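As structure tokens, here come the structures.
First subunit A sits with subunit B, and in the next complex the same chain sits with subunit C.
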Partner chain A sequence: MASYKFLASKSSWMPILTRHVSKSYYFRTAQLSCSASMYEKDIKEYKAPQTEATTEVKKLKRPPFGKNLFLGKFDTEVLAFPEVLDKERLQMLEEMVAPVEKFFEAIDSKKIDAEGEIPKETLDGLKALGLFGQQIPTDYGGLGFNATEFSRIAEITALDSSVAVILAAHQSIGLKGLLIAGNEEQKAKYLPRLASGEWTAAFCLTEPGSGSDAGSVQTKAVLSDDGDYWIMNGNKIWISNGGIADFFTVFAKTPVRNIAGEMEDRVTAFLVERSFGGVTNGKPEDKLGIRGSNTLPENVLGEVGAGFKIALNILNSGRFSMGSSGAGMLKKLLGWSAEHAINRKQFGKPLMEFELIQEKFAKMATTIYAMESMSYLTSGMLDSYEEPDCAMEAAMVKVFSSEAVWNCTSECLQILGGLGYMKDYPYERYLRDARILLIFEGTNEILRILISILGLQHAGKSLADIVRKVRNPTANPGYVLKKMWRRFRRNPQNPRLDLNLNYYLHPNLRRPSELLEKRVLQFEIAVENLLSYYGKEVGNKQMDLRRVADIAIDLFAMTAVLSRSSRAYCIGLRNAEHELALANSFCVEADLRCERNITELFGGDFVTQDLAMKKIAETIFQNKGYCAEHPLKQNL
Partner chain B sequence: MAVKFGLSLSQILNRALPKVHNCKLLPGLHIRHIHKNACQFRNKESNQLIVRPSAFNVPEGDRNKETFVEAVKIYTTRPGPRRSQVEFIYSALKEMEEFGVHRDLQAYKEIIDILPKGKYIPTNMFQAEFMHYPKQQQCILDVLEQMEDNGVCPDAETDQMVLNIFGRHGFPTKKLRRMTYWMPKFKNLSPWALPEKIPNSNLEIAKLAVQRMGSVDPATVIEIFQTSELKDAIDDTWIVCGQSSNQKDLLAKLKEKQTVFVEGAFTIWLRRTSINYFILRSEPVPLSEEEQKLRSEFDYDDVSQLRSWIFGEENLTRKDIIVQPSVHEQEDGTILAIAVTGTCSKDSLLSWIRFLERTNPNIANLTILFATNSPLGEVSLAIESNIPSEPLSKITGGSDICK
Partner chain C sequence: MSLRILVGVKRVIDYAVKIRVKPDKSGVITEGVKHSMNPFDEIAIEEAVRMKEKKIAKEIVAFSCGPAQCQETLRTALAMGADRGIHVEVAGPQYETLQPLHISKMLAKLAKDEQIDIIIVGKQAIDDDCNQTAQMTAALLDWPQATSASKIEAKDGSLQVVREIDGGLETIKVKLPTVVSADLRLNEPRYATLPNIMKAKKKPIKKLTPKDLGVDVSPRIQIVTVEEPPVRLAGAKVENVDMVVEKLKALGHA
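Then we have the complex of A and B:
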């Protein structure tokens, strides 16, 4: 019987079903187990696969991927690119995509840009398509999209950035708080109106004195004497939708009694209707002021004093879609540029035959590919994991894609030459719009720190003992010597590849997977070094944190690209060979970037320019500006 | 150990007794790898047992999917124990083409579903290895083979059916899974993607054909002309023309009175339909003696005077820079444009040239020769377009013009 079992395991599932299709793999294994029970001889009738199994996919409990990278733990499950949507849902999405695409092609973006206003017909069209309630559950009249479907639609809505901002401010941040932390009554009261687009939502966090730092809001809210309502006073600026919104998620400081029994100001989130009165907004920059607005106590979102957490949650969960929306925009732009390169002739040859132009296109395509892969991998994680911990991945997607959009748009303009600079064409508008991506939803600098701090916190928990011992070599001489010997044996420059990532990918991707593996292993060593070198001070070493974040982003991007291209090649999608080439090329580029960052982390101040940079900056601040003498200056 | 023995047994037999191994005496041993290559091992003679069950005796006009499904249903719902299932499936397989369901997955599912579930699943190692219920397994293998030949890819439900009939050690299950692995891959291999269903309208087919041929040059522009725009056109039809800017340049460079040829009709196949097209060709331009000499004398090792197109025109006109011929300049001639016309008639070709003249004024200076010697023989005017369900339907133009 034992040998029979051996036979059974030998003739395994066909390759297509094994590991490259993670989600459907799970649902198919569910089917398999039910068909195993059908092996009983007395079954005479064939049963169709249960449809419930397809719609109700069991969520998986997975460790956080990005954070574990800091410990050198690589969740190989991620190398099976998630297939979140089953066939029916995908078809439904596709049916939804076509009219939205048509609608966005008809929008006159140039006019919107010139007049600074979205015409009413456009807004009505958006409402009719249901785009104001994409992530609101169907019970409340929304479309009930999951993260993946939301990303797909974001690809199209990004074609007009003004509309994209309205939609993003409305549902990515404006009403997200209500979805995350609202109670049933609040949801039932507001969501239907928000889903239909009757009301527009806005997210009010930024103030004149507080930008990326959510904890420092100055708006005050105090409970009235009779305890019936809250009185809120303060100023908010740069509120997207501020001028048109009827519903605001406002963050304000409230006095809360802390554990020690003292009164303390904590941030609380409030739901404010415009109709409460007292909300005024300045027109030109959509500056919004809330002066003496009364808010009912039931409109406190979550708990009093829990606003900071909610704000971070909202911002973290809103970021992942920037990858897909950026990719949607860039794909369009790339298409236009390609058409230009085909038809434009210089020196008797079309532009497309010049190698420098070819290089630009290839690099842009690899970047777009990476953006898309990262974005959909993250949304797949959000959809298929139980209690997903994806703040880090979302931040990575945001940082990578905002920079990629900026660079690629700039490159496209370069290809288009003078044409790109003209106001008659849409290209320069895209460039202007792309610039804000680096700044809002958390500036890229803040997010880089966030990424590395999140990772280092996670690593610090497991490495605490080791770091303590290593930092006190006199107390633990034996341990330190052992550690040194082990480090020497592991050879940080060229560690032995024992993660075997290529087992989980198509053999054609062996080389890039080895690049990834090497960098993952080196990254682990670098993180450990960094923690033992700086100890608790590590949080202030921003230049090193930047390097850590950059490596982490590249590792995540390589993972996403490899898993996506491997899946595409294994199931034989159209142009899968091209995807392999993109993945290969991206990994080599990312590897080079990682190499530099890792060398600098390993080498520390001996290799890097950090100290010199600090000194230069210091001099500049002392002199309040550029202070080298003019080159024409003579000293006599 | 036992497993090892089971696996190598077929190899041993193959070496020792190739003839015995390859004939149908030991069915369990030679069907291990069912694929196209295995066809040679199979007995080519038609199955003698085939009878035409009354269920398929449907008058010719009524043979369609519904009647086919109904026929299968009549068989399966007949009272009493079901007899000669395999024979029924074989006869159904034969009838499929006549009923026009040979490319319909649902129809294949219906006939696979005839077999009982659970009965044929092997319960021990020996059954699994030695083709449990060989007749039934071979029958479903033949069904799958026919699906493969017709390009029908089984879906998850088919997989479940076959799994429930033969278990996971069944040969049909293995073949089916190989099919679901490879067929989607092959589906996307062609670099010229076609829509899932080839449209019925000739105009649409013509567009696809010109698009495919024009893909050699990304700058190709496809234009659709209506001959009714021209005053003296006899035929009222459409012309789909493909020409790139490079081809326009080449045409403009031709010298006065040079002869260009309108040639055709040639055939291009789009999956199972074909369409005729015509080309506008000029004679190839051989390199002049001077150019040939320069080319042979070009010194690649001399770096003392590097030249580049970057410094402008004078560099380009130098003879030592050889301009690479475009993709349109082939050894047997330069292709200047391609077209598909609705009627394939000479008049429509004349109209095509007139339309081309609008964008290529140089045509007026050239001598145009309409070459009638099509490699396909005489091109006849298709008065009626009937698109039969035959696998190979040749469309040479038709009456569904401009619809």
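Then we have the complex of A and C:
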């Protein structure tokens, strides 16, 4: 079953409240419901939404980059780092950055964290600046940002995590459904109010019994007897902006007649105004981090929307900006830590002269560089491709960035030592806030499975025939022999580099580009092996799926850093040499990670710990916990 | 009243940037350095916009003189609420030797051409700290001046201006047309909002040369050398008061 979780934090939930509400404000005809049945089926149909194009540039028809990696097909077009914004648009964006930066410098994040509330003046300021309507088209009073512009501003808004979550809950998910699937009338009615911030939006999917597995929502909606309105019952939890929102996108099960003519419950999305009545909140949660964002249990009614696909669509399209926002935050943190390392002296010399500190900074900068590159490559694809299919890339950005933010923030705190642990410094707050990134908008575990399933399905379609024959050698002896011969010629340990990726990059990047190329070719073999070995069963091999996803993420990241640094060097940006060093260093590290994952995929149970780990886990669950005897125990 | 206000905005190195001198001591490093609008000029624009909001003024013209990037500064002014911009392009070595007198001449000429009632400028720019432009413009036009204003009230055909002077406040009344320079406490400038930045794109910026205004900007001065302020020398600790006195005497201070 499909599984999605989103803006969440800590637990506790409210009992159900029941009421029926309101006339039908929306078109019943606009209603699209779809089955929440098979995970695969639903994502297969998913197409990333087109973000609003603000400049009329002809869009390119390109194949899905990440998915094609699973087939060993590498779109070399991607090695030309996208320049989405024309000169004028870029200049305007830079002008917009200045006041937003100024505004965020003045926000007292420490106070917000301590009091668990964002002051009204801050919220009003955000609204006045126009930040509540970033991706809403200008015709509806928004700023009409494309994905790239949205990413750039997200770098700044991430400086206060609570504000970032309010903004994300509002526009990345809360009103996204309306943007993607709303009809003209709905848009005209709600978007202007949402753009100005007069209304705040929230997205209501998670329920007490339905977290990652979003298809299992229990909230029910039925049409009233006269067919005039919907009656919705249920409760939602961990709804970011839940307490302050006036507009909700709610997911509920509705009875729908299926093809066979039977009634069956399907997920439908509804737009609900608080003013419909019957909506109650519980008290805000006491959370680990993002304490200024208001998260609470919900209960709603209303009608119309789409359904499960829309939910996935919304979540898939919201993820790409986590890369740039995380990078924006880390760049600030890295700067502060660097200042500390320069000034703080121990053993008679400043911290910056110690190798272990230097290593930390280098690794962090490399990671940030990769985050930025992946994020802007993805937003570039979203903006310049025709019908972009970037669900996989967005998920990769999210997984990589959330873990990078968590690790790097922890390293920055470590550099400060004991000071970093103190509440007087912002490090511990950023660390607490960072923890949610690995959980919400799809847990990283679920997203890794999503990445590999999307890719394997894509590969499976092309490989279906081959795999079928290979799995039945006696019926296809000639074919299998041919295949074996080809495989024999193709040395999996050291494949012949015939993609010539270095043709598309600056010659200085030849070595890292060869590392990437080798892993791309090996990845193709690994995917093919995996599919022929497991067939449809592959969907249950989560440990292998994890490896597949990690390789795919590293390949995408390597591609992004190479593409970006090559461009920077060729056009002569300031510190381009440094960028080459960052890209090179990242590729070497990523190559090592890929090596291990590929070796394990090639070697299977002979080299992995998978079986042993499963066994250990089994014993733990049998004993309901840790069951090795205490080290002091003796056989008396 | 329906006044027309001309506001001078200067593009300067951002206040938060640490200034570095060029190795050849010919000036300060400006390449790759963040620039923004002179903070006092932001206050001037804000005051003009408030006058427009109070329906005292009907049009605000923002003026900037300097290299092509001054357009960005003008855009900020437009985003804050000015109606149109005038950019007088002066670049390169000519810009380095440009003096407040040149700017004053340009402002004076524009004030006549555009039928301006009030000129507002920042009392000084944070890069050269000249504090001359308002005064000289008033002189050239033979208009009254109200410098270092910390409060402005419009009263039929005149302005009542509170000025910050040494040891207190001075309230003066000036007849229109007039030249005002803005002090720090006049107001708190607003943020340019993002929708307004977008709208500002559509507002016109007229491009002129000094020649169009009949101003000769050929250099009258020559920059001999620009140097960093001396680095503060490390101090020394003394044990007691007697030793302080002793040290001071030794250094010839007492």
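As a working rule, the second predicted complex is superposed on the first by the 560 of 636 C-alpha atoms of A that agree within 3 Å, B and C clash if a C-alpha of one lies under 4 Å from a C-alpha of the other, contacts with A are read in each partner's own complex, and residues count from 1 in each chain.
In the analysis below, a contact is a pair of C-beta atoms (placed from the backbone, for glycine too) under 8 Å apart; a residue touches a chain by one contact, two chains touch by 3 or more.
What you are looking at is a predicted structure, and each value in this text was computed from that prediction instead of being measured.
> Output check: A:Pro350 vs subunit B and subunit C. Expected answer is one of first, second, both, neither. What do you get?
In the superposition, A:Pro350 touches subunit B alone.
> May I ask you to name which of subunit B and subunit C touches more residues of subunit A?
Of subunit B and subunit C, more residues of subunit A lie in contact with B.
> Thinking of the overlay built on chain A, is A:Leu632 touched by subunit B (first), by subunit C (second), by both, or by neither?
Neither partner.
> Using the superposition on chain A described above, determine whether A:Thr138 touches subunit B (first), subunit C (second), both, or neither.
second
> Kindly classify A:Arg574 by the partners it touches after superposition: subunit B alone (first), subunit C alone (second), both, or neither?
Once the two structures are laid over each other on A, A:Arg574 reaches both partners.
> Quick check for you: in the superposed arrangement, does A:Glu95 touch first (subunit B), second (subunit C), both or neither?
A:Glu95 contacts subunit C only, not subunit B.
> Touching A:Leu129 in the superposition: subunit B (first), subunit C (second), both, neither?
After superposing on A, A:Leu129 lies in contact with subunit C but is clear of subunit B.
> Classify the contacts of A:Ala260 with the two partner chains as first (subunit B alone), second (subunit C alone), both, or neither.
In the superposed model, A:Ala260 contacts neither subunit B nor subunit C.
> Applying the document's definition of touch, where does A:Phe103 land relative to subunit B and subunit C: first, second, both, or neither?
second
> Once the two structures are superposed, pull the subunit A residues common to the subunit B and subunit C interfaces.
574
> Taking the complex as given, what residues does subunit B use to touch subunit A?
Residues 1-3, 113, 116-119, 121, 124-125, 128, 156-157, 160-161, 163-165, 167-169, 174, 177-178, 180-181, 184-189, 193, 218-219, 245, 309-310, 316, 323.
> Residues of subunit A touching subunit B in their complex?
3-4, 6-8, 10-11, 13-16, 28, 31, 35, 38-46, 48-49, 342-343, 345, 347-348, 350, 352, 571-576
> Under the definition above, what is the set of subunit C residues touching subunit A in their complex?
Residues of subunit C touching subunit A: 32, 36, 72, 75-76, 79, 191-195, 197-198, 201.
> Using the touch definition from the top, list the residues of subunit A that touch subunit C in their complex.
88, 91-92, 94-96, 98-100, 102-103, 125, 128-131, 138, 141, 143, 574
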